[in-house]
Amino acid sequence: MAIITLTSDFGEKDHFVGAIKGAIYCELPDVKIVDISHFVSPFNIPQAAYIIQNAYKSFPKGSVHIIGVDSELNPENKHLAVQLDEHYFICADNGIMSMLCSEIAPEKIVEINIHDKILDSFPGLDVFVKVACHIARGGTLEVIGKTIDTIKPTKSLVPFINEDKTQIIGSIIYIDNYGNVVTNIKQGFFETIQKGRDFEISARNNKFKTVYSKYSDVVNFDIPEDKRHDEGRGLVVFNSGGYLEIAVYRSNPNTVGTASSLMGLDLMDTVSVNFTATPLVTKVKEPVAKLQEYK
Amino acid sequence: MAIITLTSDFGEKDHFVGAIKGAIYCELPDVKIVDISHFVSPFNIPQAAYIIQNAYKSFPKGSVHIIGVDSELNPENKHLAVQLDEHYFICADNGIMSMLCSEIAPEKIVEINIHDKILDSFPGLDVFVKVACHIARGGTLEVIGKTIDTIKPTKSLVPFINEDKTQIIGSIIYIDNYGNVVTNIKQGFFETIQKGRDFEISARNNKFKTVYSKYSDVVNFDIPEDKRHDEGRGLVVFNSGGYLEIAVYRSNPNTVGTASSLMGLDLMDTVSVNFTATPLVTKVKEPVAKLQEYK
Amino acid sequence: MAIITLTSDFGEKDHFVGAIKGAIYCELPDVKIVDISHFVSPFNIPQAAYIIQNAYKSFPKGSVHIIGVDSELNPENKHLAVQLDEHYFICADNGIMSMLCSEIAPEKIVEINIHDKILDSFPGLDVFVKVACHIARGGTLEVIGKTIDTIKPTKSLVPFINEDKTQIIGSIIYIDNYGNVVTNIKQGFFETIQKGRDFEISARNNKFKTVYSKYSDVVNFDIPEDKRHDEGRGLVVFNSGGYLEIAVYRSNPNTVGTASSLMGLDLMDTVSVNFTATPLVTKVKEPVAKLQEYK
């Protein structure tokens, strides 16, 4: 039985999320419904895109992902159903899908056309549920919409590179639960430009010359534990989504502080990487091997 | 297999919600458990009633709804199981059910009497779970309680109408995740009094002469997008639950502001509607047609 | 089919929790996944231990509990799988299991050794999921780790008793959703020392001479409701987990205030119990009878 996931800016206090689940179970009693996040900041398209992009790949192929962010139908905000990477996405044409499609070409896009009339102020409950259940039952996209080939473009979140390729200028696109700040610089992109050169990463007046592959790489375990002072130290990692992230070791907004609070970093702030002229040995750790199948 | 939903003021940090689910799965391994909300403000009866009232109708008939708000058993707070609208509700006799029963007559009410002794400081875990699983298995209410016909009344949340029916005086009963403020004035009630007359809605020093059927109706899509300034504009809609709601277009508590923050509106504040003497053409949009079945 | 529960400090905004669930469903489409809490304060070991300890017992025997708090693998933070009380726990060797094992002797502990290489900055997603699914399928611990018999000790949270046993000095280990403060003094421990004597409980300048078995025991129901002023009164109960808890009747952080806010009590604050010299009649209510089976 298929999985339907939910990503929204509804929060979890109101009745909306419960009501959507009830409506889905009315149509498909045996479906699995999984919450990805309901704490997207209201109407925040890049945040919604970052979250769904990093979550969907872990789900089985064929999963259906409802994204209820800025989804009220209006003349400039059509409803889409998109097949991409063997997953299905249902959302408004507000830029979220452009961000996903910029990495992987979609297999099919339809504009949903089963609203005989505009329904109400809460479209997720009716149209998105109908479409999701139709797909989860194995129905095709053509039945619920007409194929289109262009969707609303998004202000590209790709970082800027200078002409002689000595500098990447990126920006902060997400701040996570630990206050770590995530940039739009992906590991593959970074390494393509780097070509093994040394580098310095700058964010405000913070400088870093190493990118770790996990947080505790910042710790020197040869020093006895009671002599170390690593808690609260800044560091840079490629996070589990492959993004360059500025973090603080064992951060906590209420005690130690976080990368965001301690370094004064906020959404949209600039993070730049300057490469030395001559290629040297990379400080970036080798890509890690895949865990061998274990069953 | 039946569905058991959970609505409470437990929050999601503590172990309570997880423990309840574990206890339910011990009795009924195949039941579906759905969270409606655990972020009801502690002991807030009207908020709990508003949430469950708007959520339960989306669930399949026969669903069982546990409401863990102000539910400690004591001489003035009996435990109820109620059958209403072909759904089942388990909660304390603290006013929540009176609010639901004021709209739809209950089919049956029992006072739960299977507590041989008062149990502990966390009744939801024991008695409510036992009763919910009993009902979910198809058991009857009479087995777990004695039929009663009166429950604790609630201060009615019905708005006031003046004698010559030129004014409705309502109040704000709920503030949602977007900071939109929901009044106790329902669409059917409004239209019965309105009889097609023009009107002016007042909340503090904010005035509105139109009720939209969705948020983006406030936007004039004939104006080019970069010339519009709709974000942050106040408006009034009948929300998806049918309540008159004062909203702000694309509100966000952290950026644009919300109806609550921008207009200074809070729970229990008065919202009044003044009708003109002569019936004119209604500004309220026609009720929308039901989406035709699509399967 | 087995149940896998999740307890973490990931929060619910980021994609982490959704991604873990997706990964589990890829391996075990029919498993039940239950969230216990994702709002553990970042890296807070005692809080995580308190929550899982109070939640796990409600789940069916054989359930698998993933604890994603401070779980990055490093030379001082091995990964454990533990069988205890016929439940399975997967977490880092950071003190959480020591707290659980201090109450109930574990049946088996293994150090997980299926990471061929260190994987990434998000170990829960890969190793913990693999191990949880292996156990949920009925696999044995020996296959995924090597048996060990010592784990990292924890600063014991057992309260201090003076030499002549007239005083218990405990501390606040948890603050719940209602702002009630939970101490490390358990009912059985308290009663063993008390031996029927009168007592006075002190927390800052607040004194209590009675421990109730439920919150509304503080109310005198013989006084008419409109003459009572119980809302906001301080009281002490043994909570549903059996811990001595200082509470406020019908507390609410936004209105009435809470034990934490009204009495100025915070995590790690001292709570002491002074017993009188002579045993008298206990003020602690009798342990309550177990609800007779009702099916």
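Residue numbering begins at 1 within each chain, and the chains themselves are lettered A, B and C in the order written.
Throughout what follows, contacts are C-beta pairs under 8 Å (C-beta built on N, C-alpha and C of every residue); 3 or more make two chains touch, one makes a residue touch a chain.
The shown structure was predicted, so the numbers you read here are calculated from the model rather than taken from an experiment.
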item	value
Chain-level touch network, classified as line, ring, star, complete or other	complete
Cα superposition of chain B on its sequence copy chain C - rotation in ° rounded to nearest 5	120
Distance from the mean Cα position of chain B to that of chain A, given in whole angstrom	33
Per-residue overlap in chain C, given as positions that touch at least 2 other chains	12
In the complex with chain B, residue positions of chain C that touch it	1, 3, 5, 7, 12, 32, 34-40, 50-52, 54-60, 63, 176-178, 213-216, 219, 221, 225, 237-241, 250-255, 288-289, 291-292, 294-295
Residue numbers on chain A that touch chain B, as the complex places them	9-23, 25-27, 29, 41-44, 70, 72-77, 114-122, 125-127, 130, 134, 144
